[in-house]
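What follows is a pair of complexes built around subunit A, which joins subunit B in one and subunit C in the other.
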Partner chain A sequence: MQEKTGTFCLLVAWCSTLLLMSIILFMALESWAVWTEVGPLKFILGLNWNPLAEPQQLGIGTMILSTLWTALGALIMAAPLGLCCAIFLAEFAPGWITNFLRPAINLLTGIPSVVYGFLGATVLVKFFEVNFSMASGESLFCASLVLTVMVLPYIISASESALRAVPPEYRQASLALGVSKPYLTLRVLIPLAKKGLLGAIILGFGRAAGETMAVLMLAGNTMVLPTSWFSKGEPLPALIALELGTSEVGSLHYQGLFAAGLVLLIFVLSINLLLALFRWNRRNGVN
Partner chain B sequence: MSLRRLIDTLCLAIFWLAGLLLLIILLGILGYLIYRGHSAINLEFLLASPKGLPLGTEGGILPAIKGTLCLIMLAVSIAALPGLATAVYLAEYAHKNVISQIINTTVQCMAGLPSIVTGLFCYALFVVRMGFGISLLAGGLALGMMIFPVVVVTARDALLAVNKHYRIVGTSLGVSKSYILVRILLPQAAPGIIGGILLAMGYAAGATAPIMVTVAAIATPSTGDLFQPVMALPYHLYILFSQQVSLDKAYGTALVLVSLLLILNVIAMCLRHQKRREG
Partner chain C sequence: MKRIKLLLVSLLVLLMLAGCGQSSETTSQDQSIKLGGSSTLAPTVAKCADDFTEKYKTWNNVDPKLPEEPIVIFVSTGGSGFGVKSALDGTVDIGLVSREIKDEEQAKMPNGKIIKMGSDALAIAVNPKNPIVQEKPDLTTDEVKTIFAGEVKTWKELDAKLPDRPTVLAIRDLGGGAAQVFDELVMKKTPVAKEAIQLPSMGALAGKVAENADAIGYVSTGLIKQNEGKIIALNIDGVAPTNENIASGEYKIARPLLLVTKDQPDQKQQLFIDYLMSEDGLKVLEEMGFVPAVK
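Let's look at the complex of A and B:
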């Protein structure tokens, strides 16, 4: 009896691994024609996406660049803010503020991305249009700004737990030496927790790169090579969401979208595997 | 010495500001939604179908509410059992070995899967290959796949948080492991598990990218038939905004959606928190 329950649960657990494998395999099969006909290098670095033209041009270079630009931009803003916030929560906040702030962070993750996108498009974009007299306020910067708010909760909770994982002896020793608390935090805790903090930021990057609705509504959706943070672009998820419904099943266009999905999938998966490796090392290492 | 103190004060100020900024963002979002959305919400908005030309300028969002409820119920019924079984394996049966490492990593990778990729996979497999068409079943499967890792992680944590003494006492009394699991551990962890499932439901209700390619329709009565498309709140909000149908109705829809999610989240948080305090 005991064995049966355990075996059953193990089987179900294996099914999830199988599912993940089959997703990768399935996407690779669906997009096989693209990899053989266009070639991986030309597909990833190509700058023109014209699946309906003759001859068809399939290149997702501009989309990859837009994705990286929005995600990195979001990270530039979210990482310092998130780290400060995590330090505040882990070290400085009085109990009653923590009890108030932590649920607030959880609720921020509960707000769906489409609402973030909608608010960004009605408030932020309007703001840019009115105050900077732009013809249309959508830009990669707008998308980054909204993504910042979206990835903050993930960065905060991951880096807070990294800070809390520092053994208390360090705190006691520093305080016994008469070191001030901000000094202790900056010079002792952050260096000790730096792997975990880096992991939190990488996690935020993965989240930002895969986010669909906010970038779909805010980035402008034009297929030009983005030259600055304030130009428009079309990140990969937005491309897939916009064109999947209109592409003919089995056409090269359809397969191109799957190839784009596969690129995104592999990118995000490798980030997650890197994180798993980090965690594995930390558990086995000294700290 | 005084420079040191200055830097300390500066650091403290920055940390406090960062913490408070977050609170301001949350309150700002909620306040603005209520401010702009409350005028659109009345009984007719909640209980009527979209009307007017273009569709949605008048009338209500009842089919979208019904569709979203159908979707989250279907997603939870698909993901709950496999998720729970995986969590039980990870918490109770797994030893610190390669297998549990692989499964943990899998769950973590699935949690990080971009939602549009889940949508893409389900579109190709269920809608096209299996011939379900744009249907409630395909969307429910996509959402189920998406919330599976949430169920696993929350249920695993709830099981691990159960007091260790129960296990030790049970084993020393010679009770079998599965009996302890069913009669002691699961009931003890129940609030946490249910809280996690509510959290997953909220996650499913807000997801837009997977359903816009597998299930959502711009206007349909949302009968709940497994092979028919339904309307859904997030997709309705997207359409209202992107087709520039009606900004007022869009704010109303967003407010309804966010309130639904906040209620789910708050209940989930209370359940999970209560468990943690006792444990």
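Let's look at the complex of A and C:
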């Protein structure tokens, strides 16, 4: 019986892996014309996106830059917040606070991204327009702010578990030596859990880069090259969500969007691979 | 265990989806009416086709002289060009076209019929708080073009009486029907400024203009009525985008919505065309945000 369940699980696991592979393959095939006709370098570094103009221009450089701005920006805010929160939860918080805070933070992951986007579009955009007398409130910063809230729970729970994974002997030894709790945390636990914490941040970055709905509603979706955090831009997921529905199937425009999707997919996948590498290293390091 | 269940469910869903794709294209026969073309007009016609089949079910209910056969109507999309082309080569019985028919196309179908169902018009809308509503409620097509091309960056540059604040351009994403109409009729190949904010839907665009005092955008005329008081349509070349002006062709930022047949339509096709042009059909057209043709 047990053996049967085992083979069955193996089969299902293979199916899902194959599914992922076929998605990548499908996207590569759909976008093949772009890679051969436009060329990867020109496509990725090109700054003009005019798939319907007479000489067609397909370049997603501005979108890639927008994606980096929003995702890195979100991380700049989310990483310190998340790490501090995780340290508090893992080391300092009394039991009842942990029992209340942890489910509350985990609950944040369950909020649909449209809701975040909608809240941002109605509250944040208006706030920036009124208080900073901006002509229109959307900006990459605005998108980053909402993304910060969205990736926080992932960063907190991943880094908390990294801190808790430090073997108890280190704690006991430190306490036996009479060091203070802050010293123990900052000088012993954090260096030991370093890789896990970095992994948590990378996980957050991957989530932020792939998020669609919130950035679509908040980043402003302009074609200008974003030169600052406060300018508008159009991150890759927003570009795809905006235009795929109206592009003509089989046209270079359609293929260009698939190529953009492939770039995003490879980007997020390689981030996740990096994460897996860190985890693998950590496991080997601790044992 | 939970994970296995989840995987199983997702696999099942995938299999079901794969099954759906194949079953639907088998029943097409000569009795059916096929329509196809413009993605702007197709949803309206599809809705009408649904209502029509729902209402009558078989042809003898429409006209007692017709045999008792089920009504089958297919509507497909593929763009206006596809609409004309497939009406000419007989792939569809009635082509759906959302632009003027070119002369060389008309020459290929001397016996054909072109029926105008209505118009798809874009109003140039601003926020009611914008002083342009009082100072300069009348723009020329050229002025609209310079605003959207980004040559005029502040309202003051457009007119000295207007405030010295930047214009906020609100547009639909490229490729959408509205963006194409605007491109053809107003911009005429001049690219829209890169600073323009792309909105994912017409509703969002109207919302943006309603919220932002410096915004200007092109909005379906249907939405102007729904958002009365929240956004205001400007006159273009002295003509207001009212239903009468659009139907008469006086208002220029509009394109016709046409039904095209290569030959005289047969009895069944004519009955469906009559239904499309009836009050019920035109009401659906109006609900979709278009301006019905005057009879």
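We take it that the second predicted complex is superposed on the first by the 280 of 287 C-alpha atoms of A that agree within 3 Å, B and C clash if a C-alpha of one lies under 4 Å from a C-alpha of the other, contacts with A are read in each partner's own complex, and residues count from 1 in each chain.
Quick note on the criterion: a contact is a pair of C-beta atoms (placed from the backbone, for glycine too) under 8 Å apart; a residue touches a chain by one contact, two chains touch by 3 or more.
Note that the structure is predicted; figures quoted are calculated from it, not measured.
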Exercise. Subunit B or subunit C: which reaches more residues on subunit A?
Worked result: B
Exercise. Of the two partner chains, subunit B (first) and subunit C (second), which one does A:Ala165 touch, if any: first, second, both, or neither?
Worked result: neither
Exercise. With the two structures laid over each other on chain A, which partner does A:Glu138 touch: subunit B (first), subunit C (second), both, or neither?
Worked result: second
Problem set entry | Which superposed partner A:Val224 touches (first subunit B, second subunit C, both, neither) | second
Exercise. For A:Lys232, is the partner it touches subunit B (first), subunit C (second), both, or none of the two (neither)?
Worked result: second
For this session: Could you look at A:Ile76 and tell me whether it touches subunit B, subunit C, both or neither (first, second, both, neither)?
Result: neither
Exercise. Touching A:Leu45 in the superposition: subunit B (first), subunit C (second), both, neither?
Worked result: neither
Exercise. Can A:Ala53 be said to touch subunit B (first), subunit C (second), both, or neither?
Worked result: second
Exercise. A:Val12 contacts which: subunit B (first), subunit C (second), both, neither?
Worked result: both
For this session: For A:Ile266, decide between first (touching subunit B), second (touching subunit C), both and neither.
Result: neither
Seminar exercise, completed: The intersection of the subunit A residues contacting subunit B with those contacting subunit C is 8-9, 12-13, 15-16, 19, 217, 241
For this session: Please give the residue numbers of subunit C that touch subunit A in the complex, ascending.
Result: 4, 7-8, 11, 14, 39, 79, 165-168, 173-177, 180, 183, 189, 191, 194-200, 208, 211-212, 214-215
For this session: Using the touch definition up top, name the residues of subunit A that touch subunit B in the complex.
Result: 1-2, 4-6, 8-10, 12-17, 19-20, 23, 26-27, 30, 81, 84-85, 87-89, 91-93, 97, 100-101, 103-108, 110-115, 117-119, 121-123, 149, 152, 156, 180-183, 185-186, 203, 206-207, 209-213, 217, 237, 240-241, 244-245, 249, 257-258, 261, 264-265, 268-269, 271-273, 275-276, 280
Problem set entry | In the complex with subunit C, residue positions of subunit A that touch it | 8-9, 12-13, 15-16, 19, 50-54, 126, 129, 135-136, 138, 216-217, 220-224, 232, 234, 241-243, 246-248, 253
Seminar exercise, completed: Per the touch rule, the subunit B residues reaching subunit A in their complex are 4-5, 7-8, 11-12, 14-19, 21-23, 25-26, 29, 32-33, 82, 85-86, 88-90, 92-93, 99, 101-110, 112-117, 119-121, 123-125, 128, 145, 148, 152, 176-179, 181, 199, 202, 205-209, 212-213, 234-235, 237-238, 241-242, 247, 250, 254, 257-258, 261-262, 264-266, 269
